[in-house]
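You will see two complexes here that share chain A, one where it goes with chain B and one where it goes with chain C.
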Partner chain A sequence: MSVPVEVSLAAVRAELVAAADYAAAAGLQIDADPVAGDEPRFYVTLVNRDSEQFCAEFNCAEYPMFPPNVEFVSPDRSEKGTARLYPQGFHTTPCVCMRYNRKAYGERGGPHSDWRLLDWRLPTGNGVGIDSLALMISDLHSKILQSSGRMA
Partner chain B sequence: MSGNKTSTSVGHSGPEDKGHAIIHLRVQTPRGIWTMTEPVDAVKRPEYSPSAKIEQVIEDARTVFKFVEQDSKYTLLRGSEILEPQRTLVSYKIEDNTLLVLSVQGGNA
Partner chain C sequence: MRNQCVKVVYLTDELARKTAEMLNSFAMARPAEGVVYWFGIESATSAVVTSLMVPDAETGAGYLRTSVQANAEVVSRIAGTRLVYIGQAHSHPGVNVEHSETDDVDTFACFDGVISVVVPWFGRYGFHLNDCGVYRHVGGQFRQIRNVDQHIQILPSFTDLRDGR
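Presenting the complex of A and B:
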């Protein structure tokens, strides 16, 4: 089963309104140019406590049935998913090990073979269910703001 | 509209409040912004005495947006500055109409 790109684009565009409000208040930069160009993908630049910048790519193909693939990329986006692009504090695969990240699932090569993609909105432990793009950005923002240094 | 009566969150006042006005805040959360007018059905409004603690603002914002989960981490920020829960608004020199951010961290896998 797949989700037409038009459906994913509509969902992402609708949710980006709230996500952009949150990002603006938090001083985070969102690059949604690909969404304007009909690709369900956007970027958020986050900062750790040492003021180092990290660029997260949200590839929302097949969203909202499946969660985005969240990956750290280089500022020019030519490099993707290497440990030196990750902040400290994440799974050393490397991976953002949360249900909202498609990469974390065993069926996509990630460490969590105990999770099902269709259940991606469920909470991890007894925490808040991260079920929107704004909450995903907030979760990353909170974790990175309190971290120091790079994974490698 | 929920029909719930909106209350304020002025909190305790102390000696340091003398001569100070009530502080009205704007709090951006991942579920929307909390102001004196938004969301329209909010059960509380973000107006506080200067001696109110940061933890009270966090608690009230969680109530308004129904962040009931205890195992998540809730942090109040001014820009990129993390505000300590036990400190007061006046200790940060937070002024009327200041925009704060409630960041919400999910559980860890």
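Presenting the complex of A and C:
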């Protein structure tokens, strides 16, 4: 079962309003041009505590049934998912090990075989569910802001 | 640190979870700290949190303020009840849970016995005492406490002992 791209685009466009507001409030750059071009994908540039920049791609194909695939990419987006593109502090696979990242799930080759993709909106432990694009950006932002240096 | 007059604060796991949820609610639209006040019933040796109140706080990344008017509104809501102010929890953006100078001075209702808990990561990952900074107002100032279980304990709010459940 796959989600039609129009469904994902509609969901992403609806949530991008709040996500863009959050990014603006946090001083983050967000590039949603692909969404305007009918691709359910956008980019957020985040900074660590040393002011190094990291570009995160949110590939929202099949969203909202499944979470986005969150991956770090090079500024020109020609390189993707290598350790040197990751900030310190994430799983060394490398992977953003959160329920909101499709890549983290065992069924997609990630380290978490204990999570089910369909349950991606659930909270971990007794926390809250990180179940919107704005919250995902917020979570990545606070984590990266605490970190220093690159994974490699 | 254990002061004879300092009461152990009891909080149910459900109210702890709700505290974290409310703290996170401040950070939904922008990276902002949050605050939740705890009210409850006191005895000679303990204080039981029964009620949470979220003040109309002015918050942002790295700061948190409650105006006199906002706190007056809080007080007006508990007037006429048996509830007393027990303390508060506020959130920090990352892993750092140290009380800032502002936290020491500007926290609502600074009097001896009041407890102040700093919750990391905007409260987003829940309320885990081991990860929090726990402070008690003793001898006229907030002091970080290490023997946390002598000051605050989380209690189960619900248990179902029926077989197979």
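In this section, the second predicted complex is superposed on the first by the 152 of 152 C-alpha atoms of A that agree within 3 Å, B and C clash if a C-alpha of one lies under 4 Å from a C-alpha of the other, contacts with A are read in each partner's own complex, and residues count from 1 in each chain.
Basically, a residue touches a chain if its C-beta (ideal position, glycine included) is under 8 Å from a C-beta of that chain, and two chains touch if they have at least 3 such contacts.
In this text, all values refer to a predicted model and were calculated from it rather than measured experimentally.
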So, after the overlay on chain A, do chain B and chain C clash or fit? They clash
Based on the superposed arrangement, let me know which partner A:Ala20 touches: chain B (first), chain C (second), both, or neither? neither
With both complexes superposed on chain A, which partner does A:Ala61 reach: first (chain B), second (chain C), both or neither? neither
Who does A:Gly127 touch here: chain B (first), chain C (second), both, or neither? both
One more residue to check, A:His112. First (chain B), second (chain C), both or neither? first
Is A:Val47 touching anything from chain B or chain C once the two structures are fitted on A? First, second, both or neither. first
Between chain B (first) and chain C (second), which does A:Ser138 come into contact with in this model arrangement: first, second, both, or neither? both
Tell me which partner A:Met151 touches in the superposition: chain B (first), chain C (second), both or neither. neither
Once the two complexes are aligned on chain A, which partner has more residues of chain A within touching range, chain B or chain C? B
Just name the clashing stretch of chain C against chain B, choosing from 6-14, 24-32, 78-86 or 150-158. 24-32
Which residues of chain A are in contact with chain B in one complex and with chain C in the other? 18, 21-22, 25-26, 123-128, 130, 134-135, 138-139, 141-143, 145-146
Tell me, which parts of chain A touch chain C in their complex? 18, 21-22, 25-26, 123-128, 130, 134-135, 138-139, 141-143, 145-146
Chain B - residues contacting chain A, complex: 28-33, 67, 69-73, 75, 77, 79-80, 82, 99, 101, 103-109
Within the complex, which stretch of chain C touches chain A? 13, 16-17, 20-21, 24, 27-31, 61, 93-95, 121-128
Looking at the complex, which residues from chain A come into contact with chain B? 18, 21-22, 25-27, 47, 91, 97-100, 104, 112, 123-130, 132, 134-135, 137-139, 141-143, 145-146
